[in-house]
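A short write-up of the structure that comes next.
Each chain gets a letter, A, B, C, D and E, in the order it is written, and its residues are counted from 1.
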Amino acid sequence: MTPLDYAGYTMSAGDLIPLLPLLAVTATSIWVMMAIGVKRNYPFVLGSTVAGLLLAALLAKRLLTGPAPEAAPLLTMDAYAQFFTVLICAAAVGVSLLSHNYWTEFDDQREEFFLLLSLATLGAVVLAGANHFASLLLGLETLSMSLYGMLAYPAHSKRKANSRALESAVKYLILSAVSTAMILFGAALIYAETGSLAFAGLGGLPAGPGVEYSVVALLLVSAGVAFKLSLFPFHIWTPDVYDGAPAPATAYLATIGKIAVFIVLLRVVVETRSLGIAPVVIVFSLLALLSIIAGNLLALLQDNIKRILAYSSIAHMGYLLIAIIAAFYAEGPISIEAVSFYLFAYVVMTLGAFGVVSLLSSDALERDCISDYQGLFWRRPWLAAAFTGMLLSLAGIPLTAGFIGKFYLVLAGVESGLWLLLAALVVGSGIGLYYYLRIVYRMLLPEPEGAPQLRQGTAGFSIVLVLFVLLVLFGVYPASLMSLIESIAL
Amino acid sequence: MGAIPVEHGLILAGILFSLGLIGVLTRRNIVFVLMSLEVMLNACGLAFIVAGSRWEQADGQIMFVLILTLAAAEVAVGLGLIIQMYRRFQTVDINVLSELKG
Amino acid sequence: MILTLLIALLFIGGLLAWFSERINPALPRWIALAVLAIELLLMLSLLSATPENGWLAAYNHAWLPRFGISLQFAADGFSLLLLLLTAFLGIVAVGSAWSEITERAGFFYFNLLWTLAGVVGIFTALDLFLFFFFWEVMLIPMYFIIAIWGHENKFYAAKKFFIFTQVSGLIMLVSIVVLAWFHYLQFGFFSFAYQDLLNVGMNRSMEMWVMLGFFIGFATKLPSVPFHNWLPDAHSQAPSAGSIILAGVLLKTGAYGLVRFAVPLFPNAAAEFAPFAMTLAAISILYCAKVAFAQSDIKRLIAYTSVSHMGFVTLGVYAWNELALQGAVMTMLAHGLSSAALFMLAGALQHRIHTRNMHEMGGFWGRVPRMSAVALFFSIAALGMPGLGNFIGEFLALLGAFQANQVLTIISAFGLIFASVYSLWVIQKIFHGKYSDSAFDGSRLLDLDNREMAFYAAMMAGLVWMGVYPQSFLDLSAPTLQALLESQAGAAAVGALQP
Amino acid sequence: MLDLIWLLPTFPLLGFLILALAEGKLAKGPAGWIGAGSIGLSFVVAALVAVSFLQSGLESHTVPIWMWMSVAGFDPGINLYLDGLSLVMILVITGVGFLIHVYSTGYMADDPDFSRFFCYMNLFVFAMLLLVLGDNLLLLYLGWEGVGLCSYLLIGFWYDDPYNGYAARKAFVVTRVGDTAMAIGLFLLFAQLGTLNIQDMLHAAEAEWAVGSALPAITALLLLGGAVGKSAQLPLQTWLPDAMAGPTPISALIHAATMVTAGVYLIARTHTLFELAPNVQLLVAWVGLITLLMAGFTAMTQNDIKRILAYSTVSQIGYMFLGLGVGAWSGAIFHLMTHAFFKALLFLGAGAVILSLHHEQDIFRMGAKRKQLPVGFLCFLIGGLALTAFPYTSGYFSKDEILIAALEVEGQGLWLWLGGVIGAFFTGIYTFRLFFVVFFGESRGHHDAKEVKGLNIALPLFILMALSLFGGWIPVPLDAVFSHGAEHEEHHISAFMHGVMIALPLFGIAISYLFYGSGILSAEKLMSLPGSRALHRFWNSGWGMDRLYDFLFVNPFLYLARVNAKDIIDAFYDMLAALSRAGHLLIVRTQTGYLRWYVLSMAAGLVALISVGVLL
Amino acid sequence: MMLLFYLAAFVAVIATVCVIVQTNIVHALIYLILSLLAVAVIFYTLGAPLAAMLEAIVYAGAIMVLFLFVIMMLNLGQNTREQERAWLAGRGWILPALLAAVLLAQLLYVLSGVEGMSAPEQVGVMAVGARLFGPYVLAVELASILLLAGLISAYHLARKPGAEDE
């Protein structure tokens, strides 16, 4: 085998078609950067970002139903990837519009936030199509690199909250780098064994008894991924980072930052289904179990909404992992559909929840204490209703997409007979109700005397309402989404 | 040229990785922490080179190049954050960043 | 079609009630009343319907074809009885809230109607997914009712209510999914339809586990010892309209589930489990009657008696013969009325004197004779006085249960004694003895007005009707129960043939 | 004419409904008229029915009113069944009931809750009539519980006093214990025989069950449980003396004449069952015997005029049970009837006395009242004689019949007879103790006592006096009912035995006279004998039964209720919540905020992961 | 070549140990550069000359200079030695070191089981370049984006507070 084997590799224009959404996001980034370079115009930058990302989403939507593209060396932009590209781009649009309100009073440059946001989105889209450790690395790090900037974005102004943003970014940077190193080391070990860096090459790992090497290699990668997904015991950064970061950045990290990794994970799992290295599956089950319990317990008596949501996201990642584990066992597509649907629902409800927080917050004043929401039901009924909807969806109550998602998870778990994990799901949901209801209850209380005026933001508010509508729509009539998801299953 | 057993290269990478981890774990000075991270990333690069050399492929080196890119970007952002932190707290003690907890 | 109309009307009516508050604060209650009256009329119109395949009305439309889930509604006589109870008690609840709920009335009636929509859905859904959907849907508005308009400890109560029912509901969801999954394995396609799932065969231990999942879901709602602890708190803290709906209607959904699903879907496991369920029933009856006696909070007391009475339902259901089932159904109906009335009375008392502590009451007979007489009536109804509905229910349940398990029936029958102990204790504590208003503002202790009396009179009439001519109710539920028994017998026979 | 039986319960029901719906707003005049009138009308109907029944040849007659329910072969109807037994009962109920109602219009005239009183009374008569007319055990049970309810309501009629409420609840709960046994009996009967229709059930039982087999014994025992509860027999007799807390007409109507004899009626009604279970039947006799003796002892030690009468009622019902137990079905029912006359008379007389003495009930605060209260004196004289079975008074005939029948029982007959005779001796003592203490000797208070005026009080008393004296001559048409039971030929007992039976009560009266009438013997001296005080206390407390029950049942229940008021199961869920909270507090400490700790946790996680992975 | 490998490996390990225990940050940086250069030598011995060069130029050169700039900028010179020493004095390092040792032991245990030899052949610049701009061409583009993201972040974060660039 000579090193020049692939020298004849060519890329035709046709090969670029599946990459169009990616290119659109890139173009958006470049366009925004240039726009900033020419003249700082906040509305224009915002508008450009939204328009560009929307375009990317529409392109991906268009490609979703098209013919399946051939697998490219680094990216597989199949229907699965396109579906999540739509989701990621749409969510990024949502975050952009939600953050509009947040930055209106910011006393420093606001435009770069959107540049970073579109770059991060680019990383996420790469992850959606990643089929290779190189693209995984690049996507992951593009996403993280932009997120560092977003998390620490308000670190400049002299306000108090900013040291928190800084702390959040530093913590995320260091820990994320450690986890990246773990992934890379594991990947290197896998490469040393199989000679391939593509996920498909994982099949070359020796399986069967006495496979410590494979197990360790895979577990190193898993640990890194578990960090990105904030699974127990790699969850510990989550609340601090969520808490300190500006709400829009948190929203971004909590939604796109999470699901992008999950998308890859699912792809890897599907590629390696036949691998069947039992210890890895067991470790995953353990991670899921502990995440569900720990996440819910940690959130139990929290008074900070961002932290509550952070902890609850730990638990939700545990729930999602159930479907991933189910995918290891089961032949059918249900577990993949379950993950897809739940990810969709997760984006909607998490974005909605953080959206409400962002909407009420600014860089000067983060409204993240539970007491800030007292009486919200009577002051801003629609916003409160939407927030309640999001929380109930997170709790998995019907009429919301979260319920259908949970139903899918249960179905996947039952299909594979994961009784213990299902029990954890039940117990975890029980504990979870407590803190979700606490927030809801606070909103129902009479409003406090002399409460400060709440901020208004039409764009963000409309996004929250759109999310609420989606939440209920796909909670009541999810058939269309279900069939779409069925068609994209790997 | 004598061939070197793969395990030796990997073991070296493992040792460097662990040393880097110890550095991240024990140092309070954030600059040291960042340096230790570089050690860890470098160890990963080494592992890729070792693996690439086993298969006589360029992919290992390509991964190394990518890691290099990553490390550079990481350091740039990390140092940027350190500068901000130093401005705000006048120290590089990582423990001052413990306002967020609970 | 009429069934979807019933549900849609409640949902839309709820929204209307909410929004109408801006026009006029008095409008929501009128809207709620009108909607419920229309509901009642629509349901009554079903009485004259001719059954097709045993269903008085049915509706089926695809919902989630991926999993064979459809919007399948159907009502037979058994459902209809409970639907009528729902609408009737809905009206009673509106009446109870009429002057009690003044703040945020629009949202209150919204929640009330949505809760009832969920209940109507439960009583008519024939697709298990749909059933579960409604099962959970009714929780949220009920949570709001308790959490917003409840009393001093409302958050605790609302939370407890929600968590208990939700967790047990999730367990049930798992069971439903397992059942559907087994259907998929055996027949190659997904279905959540009741008729399809009836044909699913499972091995013994799996059937038992899945059945237990259902049982826990229903036993929590029913509630049965040891899953009953949410009830006293929820009841004591809820506004009286909430308590009425809770005790009168929501508890019945658990019983309905037992009859419709928990036993027929798992004939063998249910038969095997019956002694345990009946033991739990007997414990519920006696234990909660005893705990009830020790309460000083009147609403807590009534709540515990509810658990005790619902024990007869469990007993009847698991005895699984026509007598016992009819007894269970009659108990559901009669208890629906009597407990609703008692909660309404307790609410009326609390509304007047702002206390639920019986130790602060006494000698009210002289002050409020009407209320006293009404309370006496419903207390003796609750203790199972022949001639009133509760007696028919409990007697039939025991009579039937006796044929299934004599020992447990005899033990349960002692509940009749305990019932008399606490019922008379309440009357004694509140209405007898010397009057003293040291603990409250005595001037507010007014007798029932004519509007209130109208509601009580209606409930009294209902109980007397059930007591002296229960046949009109029995006839309605008989075809359903007989069909269930027959299918059960058939399934058990098939099951017996399998190794 | 017979088809008009449905009118019998209808009138009281209408009366009840009118009075209830009027909510006490009716003036006393109309309320009294409605209350008493409805029973009067019922009595008229009953009389007409009786005439036509007797003319129609004593054939039993069923009047279906409507089907109650029909479930899986269980189809009790609201059907009224008339035969000799129920005829006697309805006559007693409406007749005595009417008299007592009339009396009550006078007795209760000053009560503010006059209308409520009649409301309950009418409901009671309605329920009692259903009890005796029901053709199936479920309808009987309906009446059974209904009368219990009314008893409860009327005992606690004066609700201001918590003691009354206590007594009422006690009465209800204790009888409910028996009722529950009876209900279980009904379950068993239905399960075994497939019907609760009394006649069908009895025929089926006769056909299917062998004499002396277990099933009839168990069912009979369970029914007996119901009967002893309602009829205040051992071991459930404790409620009746306390039941005297109610207004006196209630004591007369419910707790003497009608309701408490329902147990006797039940056993008589289902006598076939008892005949199938001879051991149980014998047990009935012994229960009656022991009860009558125990109550006799207690009655001798009571000072409250109504409590003496109450114990005497318990004792007399004991005779009826004895009669039932020895197969003297007609005798028992006959005694039931005569007892209704003279006991109602005694109670109403006592009521008149009490009313005259401003609600004084302690006999030792009366004395020498025969001049001031001549009517009361007459009442007690006649009633007392009938009660002690003075020859040719009503009580004489009925008690005679029972005792003679007892003597004929093989084996234990003599003992039963002897016990009954001794009981009669006690009856003489306590009845005339009351009589002498109240009406003779020195006046010990209430010197200004004045007879209560009013025809509505006096007339019922005189009628009852007549009935008490001559009631023994009334023929009861019971042969048809019990014809297939044990046939009783003409009784042949020795003159000596007969003499004893007549003499002992008289002897009792004489002793009573020696102690209380003449003062020749002194009760105080008797009390000074060693141990007699303790004995007195023991008897006075009704043989300590209340204490025993408190100790065995009531206190443990109260204790359990008190310690578990918070519901121990709740503690389990609280513990879960506390566990979650503790878990949170424990685990939240890991969120230290220190970055190095976070890295450490990651490293530890990695090590743990690899350890688990490698070890597995 | 083998000897060179083991020698370089030894140097790399020793130098790295020095990095993590140094109290003088500038010395530590020098040791780090030494370690990186040793690794570069190892790369060369493993037949990766391009990687070796990049390691020396970019890593040991450019990136470390960046560190140096920051150290100078923050004036973290000799005067922080005492502080560093104090920070290292506590027992805080025992547990982490133990943990890392366990991890190392695990890695050693697992890695020692690998069989195979690194190829003596060189994979030269040509081969790497061809591959990089062949199938990995997207990776190159993405790497540029990654650098852009790092650039923007760093640019935004490193500015003086409130500094206006216009």
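General observations
To be clear about the criterion, contacts are C-beta pairs under 8 Å (C-beta built on N, C-alpha and C of every residue); 3 or more make two chains touch, one makes a residue touch a chain.
Here the structure is a predicted model, which is why all the values come from computation and not from measurement.
Counting steps between touching chains, the shortest path from subunit D to subunit E takes 1. Shared contact partners of subunit A and subunit E, listed by label, are B, D.
Judged by contacting C-beta pairs, the busier of the interfaces B-E and A-D is B-E.
Distance from the centre of subunit B peaks at D, each centre being the average of the chain's Cα atoms.
Distance between Cα centroids is largest for the pairing of subunit A with D.
Separating the centre of subunit B from that of subunit D, both taken as means of CA atoms, is a distance of 95 Å.
Subunit A and subunit B have centres, each the mean of its CA atoms, that are 26 Å apart. Note on chain placement: the centre of subunit C and the centre of subunit E lie 69 Å apart, centres being C-alpha means.
Taking each chain's centre as the mean of its C-alpha atoms, subunit B lies 64 Å from subunit C. Residues of subunit B in contact with two or more other chains: 6, 10, 14, 17, 20-21, 24-26, 28, 34, 45, 50, 52, 54-60, 62, 66, 70, 73-74, 77, 81, 84, 94, 97-102.
The set of subunit A residues that touch two or more partner chains comprises 3, 134, 138, 141, 145, 148-149, 152, 155-156, 169-171, 174, 178, 189, 192, 212, 216, 239-240, 434. Within subunit E, contacts with two or more other chains are made by residues 92, 96, 99-100, 103, 106-107, 109-111, 113-114, 116, 123, 127-128, 130-131, 136, 139, 143, 146, 149-150, 153-157, 161. In summary, the structure contains touching chain pairs A-B, A-C, A-D, A-E, B-D, B-E, C-D, D-E.
Only residues 1-12, 14-23, 25-29, 31-32, 34-36, 38-39, 42, 45-46, 49-50, 52-62, 64-66, 68-77, 79-84, 86-87, 92-93 of subunit B touch subunit E when the two sit together in their complex.
Only residues 92, 95-96, 99-100, 102-103, 106, 109-110 of subunit E touch subunit D when the two sit together in their complex. The touching residues of subunit E, counted against subunit A in their complex, run 106-107, 109-111, 113-114, 116, 123-124, 126-128, 130-131, 134-139, 142-143, 145-146, 148-150, 152-157, 159, 161-163, 165-166. Of all residues in subunit D, those touching subunit B in their complex are 588, 591-596, 599-600, 603. In the complex of the two chains, the subunit C residues touching subunit D come out as 160, 225-226, 228-229, 232, 290-291, 293-295, 304, 321-323, 326, 363, 365-366, 369-370, 373, 376, 380, 385-387, 391-392, 395-396, 398-400, 402-403, 406, 409-410, 413-414, 416-417, 420-421, 424-425, 428, 431-434, 468-471, 474, 478.
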